[in-house]
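My structure is below; once you've seen it, I'll send some questions.
Note that the chains are named A, B and C in the order they appear, and that numbering of residues resets to 1 at the start of each chain.
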Amino acid sequence: MEKRLLEVQNLKIYYKTTTLPVRAVDGVSFSVKKKEILGLAGESACGKSTLASGILKLIVPPAYMAGGKVLYRGKDLYGMSEEELRQIRWKSIAFSPQSSMNALNPVMKICGQFSDAIEAHRGKKRKKDLIKHISNLLRSVALPPRIAEEYACNLSGGMKQRVVIGMGMALDPELIVADEPTSSLDVVVQRGVLEMFVALKEKQDTSVMLVSHDIAILAEVADRIAIIYAGKIMEIQDVMGIFEEPLHPYTQALIDSVPSFKTKGIPRSIAGLPPDLRNPPSGCRFYPRCYKAMDICRKEEPKYDEIGPGKFVACHLY
Amino acid sequence: MNRHQRLGFLSRLKGLRVVVENKKILTGLCMTVGWYIFAIVASYLSPYRPRTIGDVPVNLPPSWEHPLGSDPLGRDIFTQLVHASINSMQIGFTAGIVAFMVATLLGLIAGYHGGILDSVISLVTEIFITIPSLAILLIVAAVIGRIEVITMALLLAVFGWAFPCKVLRSQALILKERGFIKLARLSGANGLEIVIKSILPNMLPFLGAWFAFVVIGAMEAEAGLELIGLGPQTIVSLGLMLNWAMRHVAFTRGLIHWWLPPALVLVWIFVGLFIVSFGLDEIGNPKLKVK
Amino acid sequence: MENIIEAKNVTKKFSLGGIIKKKYVTAVEDFYFGMKEGTQKVVTLAGESGSGKTTIANLLLGFIRPTYGEIRYRGKDIWKLKGSEWRKYRREVQAVFQDPYESLNPFYKIDNVLLEPIRKFKLAKSKNEAVKLASEALYDVGLDASEILGKYPHQLSGGQRQRAMLARVFALRPEILLADEPVSMIDVSLRADILRIIQKLEKEFELSCLYITHDLSNAYCISDEIIILYLGSVMEQGNFETIINNPKHPYVKMLISAVPQPDPKNRWKGRVELQDIEIARLETIVGCKFCNRCPEAMPICSQKRPPWIDLEDRKIACHLYA
């Protein structure tokens, strides 16, 4: 129990529209333990990005929270005041949004951007201390300390991405929520960034919630993987279990659709399209595309249950 | 018409509708074109002659017969105003069109073609931008003396083309790098085709906005020259009206019905053209276009 | 069998400005490449950003001129082609680009992108025939002509746009297709479809495809050969499967091991060393461009450019195999 850093309980985040609300995150429950990398995998528009920003209440209208709790060390983040939440953001939980490279001010030096962030949370510091702190941070993301004197526009994509992650680390958070942190990076740089997350976990006990559409990168670095589809979690297992014995048919289909060097030829893509989240189908949301569908799947929504130690699945097969 | 052609026709109609339905463009056009039409009609209906001295009694205050009264030389001011509007707008638009066409042609060639042509055109453009146009205009007008209307329009064009040319060249340079240009080249199009078919249409709102500026610039310059007495003075224009008002010290004498209307009309036309250019800016964004 | 398209000794330098002393960066160095008529294969040109692959695409398509060397079409320098020969080159060498939205002129309907080249290359005798050809091509890529024609680019989805670009290729029947990152901006679930269409083009039309990408996993699905670029030079080239299973060049080993595989039993071992090289410093390297990151570097690697060696199952540029 005390090993759980973050616990999400039945979280619902919807988007207001002129008609029905889009149920982007529809009753999601999971936890992130201390010193673990939890991968969150799913196709595009399955709600994973909404979920990632929703954890730190960083959603903007038309998105709104429609129910559930996000417990950090037992306290509900949605029940806190804005001031309390600000204390938690960055200091305890850091967020790295998608294409965060664009979050850097191109005409400001890197050290300036770091110090802005640090001083905003820890008050003014001595210049010497700041410089030392920034150098350490840069080194931890495998960047040479001279980068601090560069302007953001002179850095490559991979460097910018690492700077943003470094900024997230500036206040030693316990948890980093990273939304597609490597999606626009070269494959070697991608490996470097992902290995950096692993190093942070090993050396500083940091937990990482890694959101990605690429299940292959999660296979390389994650400890546990949660599969999300159409706003709901379909399965959570440890990484070996997911790949060796996937429980949910969607997980299997997802794995089959990933190209790898082991098999030549074009992998099988999943037929059909994800459902319209304004009007999701009754019963299981994956039913129209599921090759193991049964009659009950159309009528009744499967319960999300723990069917074994650490194995969660929402499927009528169980 | 088969189904595809019918779809195309409807889309194009809708395209025009977007332009016309845009409130800003509509407003602006109503202001400028509306006034122009009004002025033409009024100039035909008016029994008075704008330049003939002693046409009507002098210094009449505004009345039903003479909505803006008459000036110290016995001419109906309202008639002057409408004729002046027509002439000013015609000079301004002519100069504007000439300047704009030159700017577009040279700007596109320089921007798309690059190379030596670009260097030469850019150099010439920079020279013209740097030359203090007002000073030269004054000198030329003063030296030549009474200049023809045509000459003045051309002079205005000569000094109006340079800056838009520079801007349009930048825009062409930007568009040249767009992906669809690559595809056009792969489809066998040559340089001229690409400029006309691919670059130009994507610059239309931009061109429209700058056309408005060029026209405003020309009208402004014309009014300015006339105001200080260096224009042709052969036809009545808004600037000339202001010049007469100034010479007869209309401002101090409180002849507000004489000096204010031409100034107001100038402002009205400029604002109208500006609003049109803002409207064109709006529809320039392709994502807003559902043609 | 002559080479349809060929790069001989091609080097491309870009100037970085500088008034007194002009600075250059060499984007591509001494590049050799050739594709013969009538072959049916997909060759992957792989490289990370900065490797020069986009420059090579632009050179082969005649958008930029090589600083040294020649790009040849059927034996003739493309920059010396005129008239009908030039048109033939234009038609026979086609491309599909990364961003399907960027590649489309927002002012025109999507029909334009299909009908315009048909008209220019005289592939149909009348407007009706052209529309028919376009519709068939759309069908070939799995699109319904009545749903696509008449629409503007922003009214279509990304997947539809990219398919329409491939339909264009179907209609033109080129000999060579340059596919520059054709799926990197497409939704992951739709990539397989695009790859299938490219494979269909290859098998049905005997077309050769140069698949330019940094994503080796997707390329491996349909490609037979691979050329790996690093900072403008080819490091290794040969049969894709052979090289994947047994890479010899140290950079290629690093690259392939960095591609994430959905196999948690064989995770990454050790750590990769990242290096952010300044472009200006690149020009001063006289030896192998990879030597300061290479775990197997020898003294000669920093002194001389590696020789191009013909091993029995591949070609490689590395002092280790000299």
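Please note the rule applied: a contact is a pair of C-beta atoms (placed from the backbone, for glycine too) under 8 Å apart; a residue touches a chain by one contact, two chains touch by 3 or more.
All values derive from a computational prediction rather than experimental measurement.
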Chain at the geometric heart of the assembly (C-alpha centres): C
Farthest chain relative to chain B (centres taken as mean CA coordinates): A
Centre-to-centre distance between chain C and chain A (centres being mean Cα positions), rounded to whole Å: 33
Whole-Å separation of chain centres (CA-atom averages), chain B against chain C: 49
Between chain A and chain B, centroid-to-centroid distance (C-alpha), Å: 56
Residues of chain B whose C-beta touches two or more other chains: none
Chain C - residues contacting chain B, complex: 61-63, 87, 90-91, 94-95, 97, 99, 102-109, 111, 113, 116-117, 120-121, 131, 146, 149-150, 152, 154-155, 165
Residue ranges of chain A touching chain C (in the complex, touch as defined): 43-44, 142-144, 156-159, 186-192, 194-195, 199, 213-217, 219-221, 239-240, 242-243, 255, 257-262, 264-270
In the complex, chain B residues that touch chain C: 3-4, 7-8, 11, 178-180, 182-189, 198, 201-202, 204, 286-287, 289-291
For the chain C and chain A complex, residues of the former touching the latter: 48-50, 187-193, 195-196, 199, 214-218, 220-222, 241, 244-245, 254-256, 258-265, 267-268, 271-274, 276
